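Chain naming follows the written order as A, B, C, D, E and F, and within any one chain the residues start at number 1.
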Amino acid sequence: MNVSMKDIYISDLAAFDEGKVFNGFFLVLLKQQRTTKTNKPYLNLILGDKTGQLEGRIWDIADPRIAKDFDKGDIVKVRGSASRFDERLQMKIDQLRVALPDEVDKADLLPSTTYDVAALWSQLLACVESFTNPNLKLLLNTLLADPAVAEAYREAPAARQLHHAWLGGLLEHVISLLTLADRVATHYPLLDRDLLLTGVILHDIGKTHELSWDIGFDYTIEGTLLGHIQMGVEMVERAIATLPSFPDHLRTLVLHMILSHHGKLEFGSPKLPMIPEALVLNFVDDLDAKMQAISTEFDKTIREGKGPNEMTGKVWSLDNRQLLNTKRWLGEDKG
Amino acid sequence: MNVSMKDIYISDLAAFDEGKVFNGFFLVLLKQQRTTKTNKPYLNLILGDKTGQLEGRIWDIADPRIAKDFDKGDIVKVRGSASRFDERLQMKIDQLRVALPDEVDKADLLPSTTYDVAALWSQLLACVESFTNPNLKLLLNTLLADPAVAEAYREAPAARQLHHAWLGGLLEHVISLLTLADRVATHYPLLDRDLLLTGVILHDIGKTHELSWDIGFDYTIEGTLLGHIQMGVEMVERAIATLPSFPDHLRTLVLHMILSHHGKLEFGSPKLPMIPEALVLNFVDDLDAKMQAISTEFDKTIREGKGPNEMTGKVWSLDNRQLLNTKRWLGEDKG
Amino acid sequence: MNVSMKDIYISDLAAFDEGKVFNGFFLVLLKQQRTTKTNKPYLNLILGDKTGQLEGRIWDIADPRIAKDFDKGDIVKVRGSASRFDERLQMKIDQLRVALPDEVDKADLLPSTTYDVAALWSQLLACVESFTNPNLKLLLNTLLADPAVAEAYREAPAARQLHHAWLGGLLEHVISLLTLADRVATHYPLLDRDLLLTGVILHDIGKTHELSWDIGFDYTIEGTLLGHIQMGVEMVERAIATLPSFPDHLRTLVLHMILSHHGKLEFGSPKLPMIPEALVLNFVDDLDAKMQAISTEFDKTIREGKGPNEMTGKVWSLDNRQLLNTKRWLGEDKG
Amino acid sequence: MNVSMKDIYISDLAAFDEGKVFNGFFLVLLKQQRTTKTNKPYLNLILGDKTGQLEGRIWDIADPRIAKDFDKGDIVKVRGSASRFDERLQMKIDQLRVALPDEVDKADLLPSTTYDVAALWSQLLACVESFTNPNLKLLLNTLLADPAVAEAYREAPAARQLHHAWLGGLLEHVISLLTLADRVATHYPLLDRDLLLTGVILHDIGKTHELSWDIGFDYTIEGTLLGHIQMGVEMVERAIATLPSFPDHLRTLVLHMILSHHGKLEFGSPKLPMIPEALVLNFVDDLDAKMQAISTEFDKTIREGKGPNEMTGKVWSLDNRQLLNTKRWLGEDKG
Amino acid sequence: MNVSMKDIYISDLAAFDEGKVFNGFFLVLLKQQRTTKTNKPYLNLILGDKTGQLEGRIWDIADPRIAKDFDKGDIVKVRGSASRFDERLQMKIDQLRVALPDEVDKADLLPSTTYDVAALWSQLLACVESFTNPNLKLLLNTLLADPAVAEAYREAPAARQLHHAWLGGLLEHVISLLTLADRVATHYPLLDRDLLLTGVILHDIGKTHELSWDIGFDYTIEGTLLGHIQMGVEMVERAIATLPSFPDHLRTLVLHMILSHHGKLEFGSPKLPMIPEALVLNFVDDLDAKMQAISTEFDKTIREGKGPNEMTGKVWSLDNRQLLNTKRWLGEDKG
Amino acid sequence: MNVSMKDIYISDLAAFDEGKVFNGFFLVLLKQQRTTKTNKPYLNLILGDKTGQLEGRIWDIADPRIAKDFDKGDIVKVRGSASRFDERLQMKIDQLRVALPDEVDKADLLPSTTYDVAALWSQLLACVESFTNPNLKLLLNTLLADPAVAEAYREAPAARQLHHAWLGGLLEHVISLLTLADRVATHYPLLDRDLLLTGVILHDIGKTHELSWDIGFDYTIEGTLLGHIQMGVEMVERAIATLPSFPDHLRTLVLHMILSHHGKLEFGSPKLPMIPEALVLNFVDDLDAKMQAISTEFDKTIREGKGPNEMTGKVWSLDNRQLLNTKRWLGEDKG
């Protein structure tokens, strides 16, 4: 029995019975021809949408219901049935055609933030408005007023795989950091709030050039060779070069915050944080990334049907440690 | 020309001219007999008060104006003159006698917090009152109501040498952490606020047994062999043992937060943080210690007469890095 | 052709021909439903007994000879045939039912020590009797007289996977250590023999709480969050709390030995060994674990049919090094 | 008995007898007031010229033959006598006055290359002329034609303390590297020679901003916060920005070579070498620095009068290892 | 359709269509019996020739066209068809027989250098002839004149898996190093050229005993327990023992160069390089191995059909970094 | 008042009053000319005997009672008085002459074992006699029968500075290890006792060449460049080369034990222990060295007058940890 188009996302499939027939639009992330043990060629696809990824198999390549001319990066409509192999979900594909232009919203096909991007962007601009340092305010307004920068800033993921790896993830991460850093700035009078928040807004701006997000998320060659730290420093240097009255000392400090925000040489920062604002930026950036990773991991654990008494799997970005969901486990104890 | 007693602290001496005569009460932190190159014995003392330490020399041991019967740990009144040797201040002592009981307030002789301890303590209790979890509230009220615990908690330094190394330093550090952690708890709904704040209040409670602060700050033998993590866990276990309805799961989590608060095995935590509250506790504890160390370093730099264009010396507790005082340096640029 | 029940252990199967039919009792360690490439559901089981583990497949779930109501942790009787897939042994299961109570001895279903547990236990008690320090003798007799402690101490494995990972493994490891440590104590008059042997007996006692061994060997949640070092310290603290005349210094030293027995911070000991007895405990514990791992590896190599001229595979617990069986290799040379 | 001015350099003093009187011009690198054990103030100076450093003591501050108004950074003429204290040479200063303008050539007062700077510079330009890649040739000619860059490039030391720590050291190091890298480029046809040599010429160009060399050699604040890698990248980016037809790919590769030339993240390169030319640049840079350090160490050993059978002291920049002078030691054996 | 014997190498097969029938001679590197999911036994082979390795499957063991009596190490002639499984090439084997003596040249069956070994060997001897140090010339002539040494030196691979892992690889690597080291010796007059080149020729001579290359490349047991450094030192010691007038100092230096050529203790050198020649040997050896690994990786990338805009995979021997082929990528930019 | 010659050892001086006059024979370990602050030359000596070292000062070089012609390595008779400077003992020397031949026993002038060397040597030979493996017995008897080896083996210290740094220290350490290793061999039937004990006897035999002990203890140049591991392997290889029937496998194992006895690559062993006997050798060697270091440290603590409640200083060879003397501290508690 069929399912109507709009309702199907990859995250829904986990609940499907073996053999359930369905159809849907997906992005082709990988396409490979392989051979069965009996020498019959078949196609192996990785399909994606904003909720996840799915392996698909086309066992009969010659079937006229299977389009010949599709490739990695295309959006396709497929029809087939669900199966499981070694605990992973697969799709046996019976029909496949390339989608028509505008038949599907591309935003549904890559994972993207669950927040309203326009609202996040307004929060960012409002934060800049609250600055008392006119030079920093001018620098940020100059950068963010550039349409190319602004569009990329709103779209970029914060990482390829680790935390906030979805469209809009960079902006979402920065907004979370701004609130957190503002609270810390209030706590330590030693800190120059505007400088700290400038660091928050600019520290990962180079990721708009380091990463590409057309077909899945990946590094550009330039990004691999130069890195987002260098790319961000260059973007900011160029903006400052257009502001003749920007003080030299302030310029050095802003660049230092971008350079040092990974906190350690072995994490790719060529300088350790040497001003208090840079130290705080490194701390809140690290904390927010880890809290987001934990939150993602807890959601996944629940989706996988694990009980409150089970720890998560080993989390790579947290030194392979396992984590326990405090609130669920404490709930157990009260029952 | 003499100086009256109450006015002299070791921090004042930096401004004294060579040879300036003065007198004052100090704590004897070390007493050693040595010999000059010409085989003459002399006494070398280390004297301390709440503002610092000072080397003193008694060149003529037999002088009747020098008491014979004093030792390490005694409070003494000395009279002598200031000198400098290899940039360090020294005192040539001409007269020395043991102080009478009550002649001087011992609180003046060890460095101590500049905050009002009673006010800090009230803040701590008020924070506990704000808890919604009755078990954690009961646990903390039980522990802090123990007069021996409460007195030690109000007096203990937070460390022997690194950050908050002064009487009341532990309490001051915890109060700073409570405010900071509360801000972070508001930021991440994932966190159990009461559990996090319980961790903040209890994480270093073992330092009340690990350290001694009668004559300078030092480790007890038990503290050296067991450590404040183990000692704190034991204090909390004993308190919980008196609370029959304390839930087992909650007990495990509170102990886990103490055990894991150093964040890494190589820093002496036998377990990595495996719940979000433990991860946050490690972050805020580390950040607050480092911010305090930076603040202390900046004050020292100003006291030493360094200009805004000079970085601090290499700071041991910050990987030997040098730091720049942002606000002073930016001030330069504006002039 | 069938094989009678009592004779079949998993270790026997290596010698079976393809397709050989047999039956036997096993513990279900894992039960998963999967799908073949043609979408047919099947069951994948991991079965265990005291000699090892075995994958089993049930291709026809609906077969009336397959019980419906069994689960992980059950003891089952199965009938089927041997096969090999990618060098691993598998069982094609044709019949399966849950075992009746008392139909099989549970001790046959988990790996367990080959020594007589009662004899090992007597050796342990005899060793305590040999102590000259009355306080340590009393402490150990108190602890080991607790029936819950004694039962768990006799049953517990020494580890989940590494050395002595079998029922009774903890006791077997401790008895080996006692003899070895006694020899070392005789060699160095500096050592306090009773304190050293107390450390041997108590160092891993927390594993009785850290590990569970009902269905395979695993960590409890409390064990994961607190660790056997902390759990052992707590058990000993509680026992000492019942002995009012136990000297404080001795208490500190016993706890220090448990805390420091892993020898390095990065191995999870919050303190380095700082007394000679703790240093020796770390050495003999480490040596005995490694010698046991080597012995296990040599046995496995022979079971796998490797010749005297072949080194073992890379041994994870020995820094991935390969080992050579000295005696077998020298035998070669003499031939 | 006096010695005439031009003939005295600090390196000559090692041969002087105790008490030998001499005079000379030196740069004041440090000036501190201290006190003797008997409370008498004196001045401690560090004097430098191009051959080394020397401690000087002025015991009678009030002596009218001692100028009052000199400071760190001044060139002074002093008269006094040689002494030794704990194996270090010292000068007891009897007379001191500030030098007149042009009375002494400043080039004699800081260590500087023993090569002819104009000749080295011609070699550099000739090398650029040999390029076949027009874009790289244009880039280098543009940069080196900038008078400020060219002057700084000819003057800068290559390091504050380690290898080539003298005026002109950067240029000398680059010329040595060019010859070496050219030989390696010939050996491996895989390599793009012009790109490799461009990397050699530009890799340390940021040191012209990172270091200051007016009074001794030191880091600028900007240099400390940003580092010569970032500063060099920025200089090159700006030059490329003026060359509209410079290819994007080539720009990325040139910047990558500067970014990665330290070879490891923990040495402050934010990127590992990922093209063969960057890998070779890191190797030859490291080798040349080490060979220069060894050569300096061997010269020092001979100056200190050590025999061919003695190893050098522990060399910090070579992992604290000691070195043996092959040729001298072999000479021994032949005798 | 069949293909004639001489033309088929494993590297040709990548271009074959599914199901293409072919025959050829290969070396059996591994032979294992396995079972299909339906319990049917089959044979899994790994076949090799000088161009690579290939998995082969024999599904019908009883087929009379399949020889019964072959084993690992045999040369066989097989006939079958090409297939692909999970992107790896496989061969379905229909016929197999053991090759007759002399039916195939063994040199075709293991990867071997593409250079003319006799010419390389002449270069080596010519280099020795160019020495001015008579003792070193005599030592090398003595060693290389030993027929067993000379044959093994010409055949040995330079490594089991990493760089130059082919017959003649050791000699090829040494010749490349000799040229490179000679250029470096010219550059630094400090260096004793003959000693450096002696180190180049002898540093890996122990690999002729550490490795075996009869059936694929592997470590001997002696090689695993002693290592090529120790084995090489022993070979050289024995040769020197036959040269009564060889100077002691020179002997120590030659042995030191072999001992220290890995450059770091953790890479298996028991001594750090402590003479300049040993330091240079470590550098050129490391550089040449890495350049060869890069070259191999670039060739592989082209063979796999990757475009100029793609980086290589992660290269294990280069810290898992990815590399970019400079010349190909720059070519892109110019188009 | 004078003290007679035989009675004075450096260790006695700690008890002397300031200014006490004495005379004695000492070995000159260092002789340097220095200058006082007032430019007067004086001599600084380091004198040694078997109980320690002592700084000596000769203030009047021209004094006719001071010999002119003595140097480092000479035995001298001095007369002078005791003084203390910065807690270190010094001697003001008034008279000095070179000792006559045979006027003093050189064994009194370097620290040496307190055991009877002849008895230790007999124990060693008796142990070899107990071997059942004829080849190992023959190898050891061959080596130890060589008079040069035997004499050096009886004299050599086990280290320059760390453990057993005294004449006869190597033999003393080996005898302790033999007993300990024999106990361990009995405990683990897996072990080949004769091979293990052979490793014990030979593991440090290269130290007889690595170290020199004529004037204090130092490394030879050959020892620095090759190391005692390589030197020991060579000695054993040469001995085996004289034993035609010595089995190859056994030879490999004996050499492997010497090569791997440091246990880790970063400690200078080019191979990890890969046979059980090598693993045990590394353990017992490490344990015995550490126990000896602890024992030395405890003795020193008592000599320095520290109480049972004080920990030792930080011990370099034990990762800078402090240690507590168990037995003394427990004694405290009982009082």
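Simple rule for what comes next: a contact is a pair of C-beta atoms (placed from the backbone, for glycine too) under 8 Å apart; a residue touches a chain by one contact, two chains touch by 3 or more.
A quick note: this is a predicted structure, and the numbers were derived from the prediction, not measured.
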- Intersection of contact partners for subunit B and subunit F: C, D
- Which neighbours do subunit B and subunit D have in common? A, F
- Message: On a CA-centroid basis, which chain has its centre farthest from subunit C's?
- Response: D
- Ranking C-E and A-B by C-beta pairs in contact puts on top A-B
- Tell me, please, which chain's centre (mean of its C-alpha atoms) is farthest from the centre of subunit E? B
- Message: Counting contact pairs by residue number and requiring over half to coincide, which of D-E, B-C or B-D is equivalent to B-F?
- Response: B-D
- Message: Suppose each chain is reduced to the average of its Cα coordinates; what separation in Å results between subunit D and subunit F?
- Response: 43
- Message: Nearest whole angstrom, what separates the Cα centre of subunit E from the Cα centre of subunit F?
- Response: 46
- Distance from the CA centroid of subunit A to that of subunit F, rounded to the nearest Å? 62
- Check: subunit E positions touching at least 2 other chains come out as 221, 224-225, 253, 274-275, 311, 322, 324, 329
- Message: Please list each pair of chains that are touching.
- Response: A-B, A-C, A-D, A-E, B-C, B-D, B-F, C-E, C-F, D-E, D-F, E-F
- Item | Complex contacts: residues of subunit B adjacent to subunit F | 32, 34-37, 39, 41, 221, 224-225
- Item | Interfacial residue positions of subunit B with respect to subunit C in the complex | 221-222, 224-227, 229-230, 233-234, 237, 248, 252-253, 255-256, 259, 265-271, 274-275
- Of all residues in subunit A, which touch subunit C in the complex? 18-19, 81, 83-87, 92, 309, 311, 322, 324, 329
- Task: In the complex, go through subunit C and note every residue touching subunit F.
- Result: 176, 179-180, 183-184, 186-188, 190, 192, 195, 247-250, 253, 272-277, 279-280, 283, 286-287, 290-291, 294-295, 298, 311, 319, 321-327, 329-330, 332-334
